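For reference, chains read A, B, C and D in written order, and residue numbers begin at 1 within each chain.
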């Protein structure tokens, strides 16, 4: 008999379990968490937290991670973890900023410079991610280890390009972009595109199905090597655009720029309710919700007066508790990823 | 005859898995020095009662006595140490560690000498054990990954025999063994009987049971029908006890309608890395072609090769219009479907919902008007609802995860997945394995309806009854070749088929 | 499900309007954006909290180690959210964007750097810089070098220039320049390349000094495992008997001790340091040959800069912002002069400074001179003048150490 | 016996070969030796770096071989060293005591992470990031933001002596070898790597085993931390889980070590692999490559090795394919089917 003995759940526990299990709970849990955090902080700060100016601040701060994480959800959906998302974004930021400044020095117009900067950033990110995917599928090295290599390689290339110096985009230009809400438009357009692809097309469904069971996906005609490349390319798009949002926000790039972006992005995706093993419980807005939650936490705790270095510890603790609470506790140990 | 001393006593045992009742008030006694056979169809409960005795799972109700003492083993390890050892059907060895380490897995502390585990002593004990059992072709320090399936099973047997179990339980192991592997197993069981210990031998292969066992207990649907002593074995009597129930309506097909001679799928002298060498096969429109044989005979590889899952060293698989099938995508584009033998790991996304599983074959069908990649949720919902209704899949909602379903319903989801896109050619590899009787009957009727609708089915099965009952034409394979081809019209019987299987 | 969320949302709104805890607003909240969190950071925090906060009626929020402009802007925004009115910034690379962000949220902004960011000079809330004076640093390094070259022998110098390349940190650049010029004058060397070119080469290597028995080796880059490995080669050649470090020197001391023991030679160490226990131990502990590990030090008077920055923001908050601007109304560049400290005895006295109220170089009473409320003509020139006064370490010691 | 000698020779060939290659490259390109024996500074650096990298790689191997990449190892190293040493200093102890305290507190923090893993059963990647952030905060708070300052502390020079470091590395080798090859823990580790299900069915307590893995890993990185801190006389507090950087880059020596383990065992393999790679790194430093360039070269070597490891039996497979084709031709000729050219 191949069926394993199934415990007879008592009726109450069964009802609870079914509520916990049903489709909408898992999807809306991250929203509930975000609301509770907002509620708690507004209580503690007497409403200052929910002041409209502060909410726009939180949104601005979360935008870079949200863009990269939205791209990242495509990669995570296939059950793969990518450690090179931060390094890719920062390298694109560096190369495109260099190109922009070079055009400006050569007397080219600002508009031309911006367009070239934009295009280079996106193309380079898509190329790096595509190259990583092909490297993994063609030379069948595990995705995780390819990204470990890429992480260090890309950081080294950036250091070779920049050395200790810092590139700065004239603030007049970044301010002009910011005032025209270019960064919101970039994120908005990409997010809309991502939602459509992820939830309304065959690509999104296939990526999630590969994350659930790769062999079964293969037997229904969906090959990992094609869709992994697609997931990485869309992820790369998110990183190229994330680099632009970052430039608009900070206007400068150095070898220490966004050093914890990869960790923040993974934190955001998982906190947004996605499982690290991908599969059917993946949804594209996890990245955004997670990014806003992480930023709200940081902002709130500063307002409440928690010491900055303690905030990080609290963030780590909350991250663990929320992920443990959101998943059904496996009776064995979580499946290996290494 | 040695004095009749009772070794194991099972009293009024019940066991159910959710809705399916596996054991229904089972009681029996096992004496010393006896090779007792438990025989019955799939799902009859024979494996359940033995796995409870071996500590693999607890009974829902009822009690056991072993050597007169109450017996409720918490784990297989405990049972193994206290006299009941079991050899399971699935692989029980770990490939990356040596034979010795597999045999003493969990018992390494026995070789503790001061602070260290004496590896040499473990190796010596293993060599001594292997020689004692007359096993020569396996070295103690060899990693198990270097052994083939046969040798791995032999290692499992040796592991069990180390503890000199009072009762050795052998659960459906013979199907995985070649002839010499089986001879080895029979010698072990005979030795067990001669040392005044006993064996519980589980199989659904009647001839083997009659030859090896001193008595046969027949189980059907979780109830003991009766026990027959070796003296009065009579195959047809036992088989009727096994199948016995009046089959409501035609459990299998009772018609003899033929099939058109138009070839829809042709394997043209195909060769795969293992198993198949210059293998030919033709599947006709409206035909149910059955392939039978022992599990290592290569029939599963045929199924995989025809669907583009096995890389072909040579030869080609072609459809009626000549298109070559070299990967699953081309197969599916040409309306083929494949139900794998390992349902949970290969045919289903367990952690995904019923909706996602069934819809996975309809991405191109349920487009949101126009060629684009967009999918219409409404079309997709209907696509799935139709299958849930058609196959009457019992589930709270189609959004629940597949792993909350029973075995039978899971198989229905797999069938639904391939029927929904109206596949023309279906390759079914052991489609009814581990499925309760009710669902089996539904599947057989479904297969018959599809045949009448002109679809072609390749039925690969390890159950001869199923092949005989459903196939228009049966091929019996052994060592990668077709040894027998019989038409349904020539009157298929188990006797004729088994001769060519073994 | 929908009902529950509606309920939750409305509750949050109601409670938000009801100000439960009224934030006591009488204190000025000032954000302090640190670039590194090391032992001297804690000393500065004590000075901020115990001395400056009560005197200026301020409450300080301290950041974690800020390594990039994004984190600086985020910290500024979060401080704004808490009601901060001023930012003291240590992350020099982000000073331009930081000034802009602070200006957008109408918070006064001052950075501890030696070089102004010209793009944001005219911003209303940008009070400019109060950093190490580059020529002060040059003078201090020249003095320190002369003290170790005093014996008239031939000496060769191995120097970690950290962020000198491209003047990422102006003080590092000018310290290296001072060293090269002192060596050039002392041994009338002829460099094959201009001093600027020499400093800006970004791979480690030997400088062509034109004099075989005088060698100079420059190692750029942040101090980490790689720089530690790179200095091993020149160090163990035994050709270099003076080691200069513009930022951390501590993690090279084991390597230096190893070579001193193996080659039985004394390697003198000249470095920038701050007033903290580690510097005292440096002077008092002996290396394998019985000489103090640290020979000459250029001290960064961190708390002096902190006092001026806090006072500047205090004045700006009390209407004195214009007075702080420079002659043509732009953000000011104030220079804090480092204190040269050629030997252990001098440091012994300096070590007593900045330990408690009386010994703070600028304690609560001295602050009155900087605060516009108690000294109405506190302005850009009076600040600059006071800073010049504080350049003379001996006068300070005489005044503070009774 | 000659199989054992052959294996030892192969194992030793890797570091020796690397040394010769780098010596040649350094002499030609930079006119310097890889290891300058005039002072033992190079030797001290090589021994220390190998010791530190080897301890971290052993720690990684305990969990990564069971599929768990622990990103909090860096924070455990920081916590074990800083908190352990600060307590030892507070008690007026120095020298080897710092090592023992760092080891003990490394074990404690490893145990904590292990227990959280077994209790929360969150995926290891998530656990690593979470615990990394928490431990870095704990270190900041307990050390008052100062981290560990050993500058001028008497008695710590022994911790960076070449011979002492060799002794410590030797002890680590013996302990890890003993744990992996001669204890129940080691046997169970290999069994669990093969199949967690079968191991669990055979009565192995996989939870207790996971906690032990994390604990031993914590202890090892504690040792690595103090060896590093003693030489640099300080270990500063980090934030944003930046402490996980050096740990992730040690996956290269681990894979190389497991590969070399075929000719000896995993413990010796990892030591030899770390030594080989440190000689390579020293050579790059002698060529005075900038940090960026040596990272790029290192990563290409790592990638090439990963590709080789993944396609090792590529040629074996091609040969088997060719043999199979021959079988087909024979069968076809036997069956009289025309054999294509």
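What we mean here is this: contacts are C-beta pairs under 8 Å (C-beta built on N, C-alpha and C of every residue); 3 or more make two chains touch, one makes a residue touch a chain.
Quantities reported herein were computed from a predicted structural model and do not represent experimental measurements.
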- Chains shared as neighbours by chain A and chain C? D
- Item | Chain pair with more C-beta contacts, C-D versus B-D | C-D
- Remotest chain, chain C as reference, centres from CA atoms: B
- Counting in whole Å, what is the centre-to-centre distance of chain A and chain B, each centre being its mean C-alpha position? 44
- Separation of the C-alpha centres, chain C versus chain D, in whole Å, is 38
- chain B-chain C separation of Cα centroids, rounded to whole Å: 75
- Shared-contact residues (touching 2 or more other chains) in chain A: 259, 309, 312
- Message: I need the residues of chain D touching at least two other chains; which ones are they?
- Response: 140, 145, 237, 239, 290-291
- Note on the structure: Contacts with two or more other chains occur in chain B at residues none
- Message: Touching pairs of chains, all of them, please.
- Response: A-B, A-C, A-D, B-D, C-D
- Would you pull the chain D residues touching chain A in the complex into a rising list? 63-69, 116-118, 120-127, 129-134, 136-138, 140-141, 145, 196-197, 200, 206-207, 210, 237, 239-242, 248-249, 251, 255, 290-293, 295-296, 298-300, 302-303, 306-307, 309-311
- Which bits of chain A are touching chain B when the two form their complex? 1-6, 8, 18, 21-23, 196-197, 200-203, 205-206, 208-209, 212-213, 215-223, 279-281
- Note on the structure: In the complex, chain C touches chain D at residues 36-39, 41-42, 45, 64-65, 202-205, 221, 224-230, 232-233, 235-238, 250-251, 253-255, 257-259, 262-263, 278, 281-282, 284-285, 293
- Note on the structure: chain A partner, complex, touching residues on chain B are 15, 17-18, 20, 22, 43, 45, 47-48, 51, 57-58, 307, 309, 327-329, 331-333, 338, 340, 345-353, 356, 359-361, 363-364, 368, 372-375, 377, 396-397, 399-401, 404, 406-407, 417, 433-434
- Given the complex, residues on chain B that touch chain D span 75-78, 92-97, 101, 105-106, 108-109, 112, 115-117, 119, 269, 271, 273, 277-278, 313-314
